[in-house]
Amino acid sequence: MDWLNEFLPTSTERLNVWIGVICTFAIYSILYRENPFYRFFEHMYIGLAAGYALGPYLVDVLYRYWWEPIRIEGAWGLVFVVPFGMYLYFIYSERYGWISRIVIGALIGAYSGLAFQMFSSRYLPQLHGALTKPLWFPPNATGEIFLSNIFNNWIFLIILISVMVYFTFSFEHRGAVKRTAILGRWFLMIGLGAMFGNTVMARMALLIGRVYYLLDSWLMIRVGGG
Amino acid sequence: MSYQHAEDNWFAAILIAFIALAVLVNIWRARRGKALYIRRIPGLDAIDEAIGRSTELGRPVTMIPGLTGFGVEAVQALTIFKYITKQIARFATPMRLLTANATVYAVAQEAIADAYNEAERPDLYDADSVRFLSSEQFAFASGVAGLIQRERIAANFMFGIFYAESLIFAETGNIVGAVQIAGTVSFTQVPFFVAACDYTIIGDEFYATSAYISREPVLLGSLVGQDLSKISFASMIVGGSMISTFIGTDHPIVQLLGKPQGWQSFVEWLSQVLGR
Amino acid sequence: MLFDTTQLVVALLWIAGAFALAIALIPLLGTLPPRGRFALISFVTFIAGLFFAAEFFLPVGEDNKNILTDPFQKMQGSLQVITALSLGLGTYGLVRLHLRNAVQRRPQWGYSLVLLIAFVVMAFFSIWNTMAEKGLFGIERTQLLENAFTLLFDYTLIQLDATMFSLIAFYIFSAAYRAFRIRSIEASILMFTAMLVMIGIVPLGKLISDSIGLPAVQTAEMRTNPFMLENILYNLRLPQIAGWIQETLNAPVQRAIEFGVGIGALAMAIRLWLSLERGIN
Amino acid sequence: MEARSIWERMMRIDRRILYVILAVNIIAALMARVAIEPDVPPPVKRFYDTVEALQPGDMVMVSSTWSAGTLAENQPQFEAVLKHLMRKRVRFTIISFAPPARDISHRLARRIAEENGYVEGKDWAHFGYTPDIIIAIKGMSEDIAQTIRQDVRRTPIAELEVMRGIKSLKDYKLVVDVTPSDTLGNWISYRPPDLKILYCPTSVMAAEAYTFLDSGQILGMITGAKGAYEYERLLGIVGLGTRFINAIQFSHVLIIFFILLGNFGMLMQRRASAS
């Protein structure tokens, strides 16, 4: 019997857990079919998420990077940032909608300027990694090189080049190029298969996390596991 | 392994300059009216075949840009939908364009109206055929699934950016036995489209499809410039592998191609070679 | 830190002045003809891009800095503020949409009302919580705040967020069952690889391989001559197959995709920087 | 429609039945007391060795951008990493690039820190939420105090004892990115050259990262809750990874079974209608 009165929502702690469980089953009700119970909690969720973000945006960011430097360090130059940044909020107005594009343009420009460092740091090391794979035993073999490494290097290069050929468009794919491109699309399918296998594992884990919460926190059943 | 500044290896700046030049010169050529060649993507043949089969059944066709917000991908998805609408206008096959974004919804209405005018069938344009269902992911998905099943659509075209809700579209389209063609740059959703659809246009092919249809100079020129860059990458990889195999992976040319601090060793090696 | 009123008043004056200037500028900007507007937007975009491009491309001194590195450090705060304002745009759009739905009694307006009430209540407690956390303006963490925020954040928002994401597991399961039919070579390659990866990366793959009796350890001798039966059997273990698929078959595919996406992103960045992209502005 | 043949039913099981089967399978697997030792893959082994090679007093940045939506995958990783860092008596700071991630990671870190005698401000600190990840990483690569200004409890960076002798990311040994979104690309692109990276993605993003493992841009990777289980076995601790692993692998078996069932039904259906 003590399990029961420990289970029922008597203390605030238990009441909170019950509220969490009601939210969980409300969302899962869509699995049966779309219904008002689901729609109520879905809209509440979107409202809560939007409302929560204001704490970090307004207080954590605006306070730390705008109000405090002005108020305490007297960085007067900063005062113009928020007023002119607010031009963003003209985006819905008919007459002055274009003014919001000035600030959006500044953001787009900034990210375009940052793209050059990203291109160098993200893609060139991958280029270097692709061309330092010896296809036979190199003359000055520094580390231990086995036949399996050479075999894997060949496969790596063939797949890389054939998938890149698949993604070319400015010339007709005929003969050998066409066959390489088809081979490239099949290798692409292997990469997609690996992605799908991992995606399934990710989504299952999230559901398992919810079932675990329901068993462990709500029904208070100690769950074993590996 | 990363670059704080271009000076870490000036080769990065040279490569970026080459790509920028390839893209800008080709955009300039395209703008001056030069006919740049883009090959016809197999996906386009699949679209035409799907259109053919849908006209036989006479049931409506759905076009879904997914949750794509207004941007480059949305503009190009609407280009493809305009092309499809012009084809089906000849057979008066009804169509439904369902969006989850208010801006895309507004632009889509204009695009579909233009498509019917260009097909000389303005009478067929019905404003209700372009709909904004909901901006929430799963509310939009269930709305689309409901319509697909109610109207037992003949063909389903999905182009743009997709997230987990793509499963619901693909699966529902299967239930009613619709012909399905999808095209997206979201690689995590491509596996589901490959499994569920008759043909899937993958990654960069999406941009090539809309470039082929719209012949829009900036897009054509950019794609040709990007092709040149891909070919240069492939040749560097093959060339570099040859050097790594026959001479060694620490050869200055190999170091130059992408390794930070590879510039100094290359310059010294070059001056030695030229000096001799 | 004592409440230094003079510094506060001066700060407020500066801010009021900045707002006044920004507002006064609007009608002035309004007089710009469409061509002038496009020119102004492209100019602002170009200058913003030039600053970051130059900071990357300009040569650096011994201290690894060039003339733009320090100005960038000073500008950071304002860039974080503008980014926060641009992220707040989404919230503004959402609230505006549902406010109109509720006011104009559009269909399903009841749900918009639910959304707005949840938004206001959560915003109030979230702002209060962050202020209390930082002890701003002497705001304390009261019992009411603790209970309300714990209920709204830990036991409502967190639960709904986690559950919403877990829905997809159900959809993936039914979609995989219904959609994964051997229809084409491509779908079969994809499906077969997915199943091998799924079973190879979990401990069950190891258990199955052990129970079949495949050798569990790769000795040095097996590495030197790979065509030994032991080595072949070792490489037939499910974890080894899944590992080989991911590291030797999948890695080059991802790298080819990366090169395609990377070159495409650089091309698009250049087009956006020079305002060549027709569809956007 | 004539009576639906056995094959037809095998191909068209109603999805609501499938959902019930999946839920029952997960509950049963969670309750199972079965322990199967994993085959720890190389990326997880290298992840463990990289952290193991740290010396007491070294400085590590933990980038924690996950929130409730991906809790089941990212929390076990986050907990295992913090426990390993504390076991090595390493100093660390946490930063979040998504609003809810700030509160979740701060609360979790406080709980684990108390269990291991770590004092906030002296041994570790939380830098709170910063909206623009690129600007933050670029800024921190030069000067952290100027970029972050104060920790989540409003203590100026310069006054934090944990930051003694630390000016920028160049003084950090390692960054561990625990994330459900593409924050890794920014860490790879904008961090100082010799700052090593370890990656804790949700499994959805794991396949894409193998190109970075191959090029050495990231040194190790833990793939979702499964990877957390392997890491927990190396650390000899029991966490959520250990609790979830059975349910994960048996749900994989279930999916594979139903895919094969559907195809078997289709083939037999095709053969039946052909004859």
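Observations, loosely collected:
To keep things simple, chains are lettered A, B, C and D as they appear, and every chain counts its residues starting from 1.
Operating definition for what follows: contacts are C-beta pairs under 8 Å (C-beta built on N, C-alpha and C of every residue); 3 or more make two chains touch, one makes a residue touch a chain.
These numbers come from a predicted model, not from an experiment.
Chains that touch both chain C and chain D: A, B.
When the interfaces A-D and B-C are ranked by how many C-beta pairs touch across them, A-D comes first. Most remote chain with respect to chain C, judged by CA-atom centres, is B. Distance between chain A and chain D, defined via averaged C-alpha coordinates, is recorded as 12 Å.
Between chain A and chain B the centroid-to-centroid distance comes to 20 Å (mean Cα coordinates, whole Å).
If each chain is reduced to the centroid of its CA atoms, chain A and chain C end up 5 Å from each other.
Contact of a single residue of chain B with at least two other chains is seen at positions 1-4, 6, 8, 16, 138, 164, 187-188, 191-192, 194, 203-204, 230, 233. Of all residues in chain D, those that touch two or more other chains are 19, 22, 36, 69-72, 100, 130-131, 138, 149, 152, 188-190, 204, 207-208, 211, 214-217, 223, 226, 229, 245, 248, 251-252, 255. Residue positions 55-57, 76-77, 79-80, 83-84, 87, 94, 134, 136, 153, 157-159, 161-162, 164-170, 172, 174, 176, 178, 180-181, 186-187, 190-191, 194-195, 198, 201-203, 246, 250-252, 254-255, 257-260, 263, 266, 270, 280 of chain C are each in touch with at least two other chains. The touch graph of these protein chains is complete, with an edge between every pair of chains. Per the touch definition, chain A reaches chain D in the complex via residues 31-32, 49, 52-53, 55-57, 60-61, 64-65, 68, 111, 114, 117-118, 121-122, 125-126, 128-130, 156, 191, 194-195, 197-212, 215, 221, 223-226.
Residue ranges of chain C in contact with chain D, taken from their complex: 65, 69, 72-74, 76-77, 79-80, 83-84, 87, 133-136, 153, 157-159, 161-162, 164-166, 169-170, 173-174, 176-178, 180-182, 191, 195, 198-199, 201-207, 237, 239, 243, 246-247, 250-252, 254-255, 257-258. Note for the complex: chain A touches chain C at residues 12, 16-17, 19-21, 23-24, 27-28, 30-31, 39-63, 65-66, 69-72, 74, 76, 78-89, 91-92, 95-96, 98-99, 101-120, 122-123, 126-127, 129-130, 146-148, 152, 155-157, 159-160, 163-164, 166-167, 184-201, 203-204, 206-207, 209-210, 213, 226.
The residues of chain B lying in touch with chain C in their complex are 3-7, 13, 16, 19-20, 23-24, 27, 71-72, 75-76, 102, 135, 138, 164, 167-168, 170-171, 174-175, 185, 187, 191-192, 194-196, 203-204, 207, 216, 218, 222, 225-226, 229-230, 233.
Across the interface of their complex, chain C is touched by residues 13, 15, 18-19, 22, 36-39, 41-42, 67-72, 100, 103-104, 130-132, 135-136, 138-139, 142-143, 146-147, 149, 152-154, 207-211, 213-215, 223, 226, 229, 245, 248-256, 258-259, 261-263, 266-267 of chain D.
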